[in-house]
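Chains: A, B, C and D, in written order; residue numbering restarts at 1 for each.
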Amino acid sequence: MQTLFDALSLGSLYALGALGIALIFGVMRLVNFAHGDVISFSVFALLWPSTDAVALVFAGDLPWFLLIPFVLLMGAGLSVLCELIIFRRFRGANPATMMIASFALGFVIRYFLLMLFSSRPKSISLLPALSQPVEILGARIPLLQVITIVATIAILFALTAFLKRTRFGLEMRAAAENFTMARMLGVRANRVIMGAFALSGALAAAIGLILASQTGTADIQMGGAVMLMAFIATVIGGLGSLPGAVLAGFLLGAASVVMQTLLPIDARPFRDAFVYGAVILVLIFRPQGLIAAPGTKERV
Amino acid sequence: MSLLALSNITIRYGRLTAVRNVAFNLIEGEILFITGPNGAGKSSLLRAIAGVTPPSSGRIDFGGQDITGRTPEDIARMGVSMVPEGREVFGSLTIQENLMVGTGMHAREGNWRSRAAAELEAVYETFPILKERRHSQAGLLSGGQQQMLVIGRALMTNPRLIAIDEPSLGLAPNITDQVYERLIALRRHRALTLLIVEQSSTRAQMVGGRMILMRGGEVLLDGDARAMGQSEAMQAAYFGYGDH
Amino acid sequence: MKNLSRLTIALLSCTALATPVFAEGDKIIVGFATAESGFMQAYDKPAQDAAMIRIGEINAAGGLLGKQIEVVTADTKTDRAEGAKAGLTVVDAGADLVVVSCDYDFGAPAALAAESSGKISFFLCAESIKAGIQGVGPHSFSASVLAAVQGATMAEWSYNKKNARTFYRLLDTWTEYNKGICDGFDYMLPKLEGASLVGEDTFKNEDASIAAQITRIKSLPAEPDAIMLCTMMPGAVSAIKQIRAAGINSMILNGSGVDGSYWLSAVPDLSNFYVPVQGSIYGDDPNPDVTAFNAKYKAATGGDPSTQYVYPGYVMIDVWAKAVERAGTTETTAVVAELEKMNAEPTLFGPRTFTAELHHQNSAKYLIVDTENGKPGVVDSWTISAPIPVADLMK
Amino acid sequence: MTDPNKPASVARRTISTPLILTAILIALALIALASGSRPFNQTVIDIFLRVILVVGLYIFIGNSGVMSFGHIGFTCLGGYAAAWLTMPPMMKQTLLPGLPNWLMQLQLPYWAGALIAALWAALWAAVFGKILLRLSGIAASIATFAMLAMINTIYSNWESVTAATSSVVGIPIVRTIWPYLIAAILSVFIAWAHAISRAGLALRAARDEPTAAAASGVDITKERLIAFVISGAVMGMGGALFAHSIGVVTPDTFYLTLTFTSLSMLVVGGIGSLSGAVLGVVILSSLIQALRWLEAGVTVGSTTFGIPNGLQEITLGIVMIVILAFRPSGIMANSELIWPRARPEKPDEMSGTTPTQQGVTK
């Protein structure tokens, strides 16, 4: 029971991350290595620039109903800015070039944060009320874990509704699958890509918020680990497949938690080696991903 | 007045020249077949018109406006609807969603669905099979059904010109017949202009209308399809090719 | 015999090579090959500032051997290859003492560069036994105390003073420092009669969630008396927060790496939380000189010390200068010999001992800081009953 | 199907590329020598090491077109192999007690260690390649990343053999520049020889025209495996020399940062070009060095805290983005440095945009 919650909450983070990467990958075949730095940025947006060890909270003290939109907006804003200034110039460049450009961009964001905030991890208390345990079905579970899972599910539902019900969502899904065809049907490329970046940035901010409330830390490298897992989830989920990304994210989280639980103590530090081994196996048996959209072909 | 006018179009890919100095006009309401062997540059020409790969030199006008170098979405919004080769359906979307993709450009978010409803009904009327399966994934349709879907999808954008690349490719002859039957009927109904690329000229001769024969990136012949079928030039053009 | 003479020749040639080129009559040079950027900067800079304070004091009092101490710096960029370059840079600039990064892993390349040039190197605050003879060479020292001593101190103190009998060991496998704390704990635990280890687990500092590890603790039949948490920043905050959020209220024992109040806001009302420190940054150190130093540090840098890792930098210059004074020269072998004679040499932050076998502290007087309701304060002080033998440290 | 690309004539036509690159490397070494500064010497050693690594990456990525995130794993294997082979047995007993006895007693000179390290890395490249290279595209990239992460996790935790995350010290330090120069030149020639070999040509043909190449009987998986193993060996050698350059190895040295910096240098230089690989390193490294000097130039008195931390890295990132924006295929794109007079008929011979051969098209 408890393990299930553990797996779900870790999986939620990976799923949200994978979704953010898959959205952008879908519309412009960009593996966005700056995603992790957008996560960190959204958290630091809550603080005043300072190189002291004690975090000077700026927007972090807002009540939650203002705090959450603020963070999401920061993530979306930065992401859109990246697209406007940088990625627009790389439309149609080969994937390796775009990838390295995104990596360089992430590098710039990271060191920009370092310049303002120093490399020392800062401690912040976000939404402290969430650090209390609650009783669910006989298990005492941190409230934050519950909220993480619920929020992820809510985000997933909202996103699904957005993608299914609205015109913009429909255009985005069409563009993710076949960008040129969508344009030939009058779908505006810039708008869709910008929308994808905004959504992806907001998702990154959501992860940042969850991570920061969970760990109580703002670290310029905090987004990196989640992004790597999310990146892997995107690929094993099936390229450009949003449901696949989510499914794979949850599976990776579950694999990680289950292995931590089942492996003997001596093998536990090697947990990640087992997880990555499993990733290789999945890739070999399903190179097209867990959920490959019918009729799509790899365009990388 | 011509709806579409191409002048001196040349298209290069690196050192390879796919289309050389092609020029022709298309009158509103006309039906034009572009035929010719594989590699003649037909598809390149269509992609240039749709704005996907702009020509290296030359100029394209549509409805009196210069559209050379415009983006595909701008050109689509001006009324050019493209049905590319290979029936590029959105496999993971349902049929109805496929049809709806192209309707967004004429509507605001609020009245989008209601405005598209009439169009949708019209397309379903033309292709009843699409209505029957409207909630299944497009990737699961047969080739003929997909062809109907992409034509229907092109119609949904309310175009002035539909450009179709190889509508008969990979379809059984009787399905092809059906597809053409619908196209002709549509043209009559809606005063559509049709630009159809086919490898073989037989279909053009059956349907009638104007035909352009291309080879090696150049226009060899331009004239009435039925008349051309008998001409010696046509035979020569075809016999020049085909040693492979 | 033959070997010995060859060694002597080698040593002589080393020093012969090193000294004449840069021997400058009127000043003594201390070279800092430390991180001025990258994540180590956060650890190096405070300790370096403290070292600068001691240098300032010495210079103000007339200098060392009558000469002023000058400082040269080179940035390691928190990068090992750059570290080697930085080490060479300060040696080439004529450094008599090479100060290297706080962490063993990041300091070692510069220390090795100093060692191969026959210079004394001092780690600012490395707490691995390798930061010294064992991992660099006979001229290398560390200014701090071994991590193992911290783990052993916490185990012994909590056993004696808090009556802790059941322990849980949670290790973050990220760094040697973390493992060092747990090694010290492992060394001490069997010596405590009636104490038992009821479970153990590992995690990674960067793990986004340690929920699975916490679930394992919670599935124990009874909450352990104490959790020995061997980790460091930034993962420590996350781990502590998650442990408390899961409703586990056992006392948490730590290494010095989590000292500081700057992060406490992240875990509101943290209680039952114990950290060993060399000196208190909270203004309640039993030694008033420490509090005076804190004021001096604030005057020099504009901020209070944020953790106890400021202090080793001060100690470092202090003991080195004493050794130089006693040797009457900055020449490497003579200074090393003087340093190795130090036995419980008093410093502002506790006694220091160096031997020909160990250039590090395998026993130290620690203050115990207890955090209750988010307020840290010194509650006790403890020195482990016997130094940890070098053989145990090397396993 | 006539084959105008007989190896001998191809070699003659393209030999100028490795020769020019060698000249650049030698010039760098001479500058370092002339400067007489030990830190600068170390900087040039660093550049040579990166040349080895990036050329190693080029051998696989450049020729196959498959992005690999895993090659630094081989560097890790090489670095640790060098430690096992060249450390004094005394040190090994304390630091790495889990080594088998014969290895424990062994102490080889650094060059022999580096050669064996290269073979060791090549061996593992063969094993991993056999498993992974049936994949292609981004799935292959992710699989190589998973491989890197596995190697890293194992080396970070195998206490008795790799000392886990702690630094392995006692590796003899080689501070003279020549071995690194020779190794860098060697790797350039290996890359060149592979590129003009039948395997290299076939691999590039498969990269540019997969269907055509498969139709003409190119076994893509096999050709990729060959490139993977050769590049693995070069990366392994680079890892070994890296270990000797600073005398310390840790697993996290050979992880994401090194992966991305080397990949960046390759992409900025031009992913499909050997000259690009070398120039990418030289240009970006010079840029980094220049920025450091600028930074140090602001030094006043005894402290250098004048410039905000991170400005140098930000500049570097921006410069990279700008280069890529203006030259999306990298500085060299797909071409190679050649003597002007020796310009062959087909200038892109080396880079392998070999025109599709007749008889292959349908």
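The rule is short, and it goes like this: contacts are C-beta pairs under 8 Å (C-beta built on N, C-alpha and C of every residue); 3 or more make two chains touch, one makes a residue touch a chain.
Everything numeric here is computed off the predicted structure, so don't read it as measured data.
By the document's definition of touch, common neighbours of chain A and chain C comprise D.
Closest to the middle of the protein, by Cα centroid, lies chain A. When every chain is reduced to the mean of its CA atoms, the largest separation from chain A belongs to B. More contacting C-beta pairs link the chains of A-D than the other of the two pairs C-D and A-D.
Rounded to a whole number, the gap between the C-alpha centres of chain C and chain D is 37 angstrom. Look at where the CA atoms of chain A average out and do the same for chain D: the two points lie 31 Å apart.
In this assembly, the C-alpha centroid of chain B lies 49 Å from the C-alpha centroid of chain D. Taking each chain's centre as the mean of its C-alpha atoms, chain B lies 75 Å from chain C.
For chain C, residues that reach two or more other chains under the stated contact definition are 37-38, 41, 173.
Within chain A, contacts with two or more other chains are made by residues 114, 118-119, 224, 269, 272. Among the residues of chain D, those in touch with two or more other chains are 156-157, 309-310. Across the assembly, chains come into contact as A-B, A-C, A-D, C-D. Chain C contributes residues 37-42, 78, 173, 200-202, 204, 206-209, 211-216, 218-219, 233-235, 237-238, 241-242, 244-247, 260, 262-268, 303, 306-307 to its touches with chain A in the complex. By the touch criterion stated above, chain D contacts chain C in their complex at residues 37-39, 42-43, 46, 94, 156-157, 164-167, 169, 173, 175, 242, 245-248, 250, 253, 302-305, 309-310, 312. Listing the residues of chain D that touch chain A in their complex gives 67, 131-132, 134-139, 142-143, 145-147, 149-150, 153-154, 156-157, 256, 260, 263-264, 267-268, 271, 308-311, 313-314, 316-318, 320-321, 324-325, 328-330. Interface residues of chain A facing chain C in the complex, by the touch rule stated above, are 2-3, 5-6, 9-10, 13, 52-55, 114, 118-125, 128, 130-133, 140-145, 211, 214-217, 219, 221-222, 224-226, 256-257, 260-261, 265, 268-269, 272.
Per the touch definition, chain A reaches chain B in the complex via residues 166-168, 170-171, 173-174, 177-178, 180-189, 241, 293-296.
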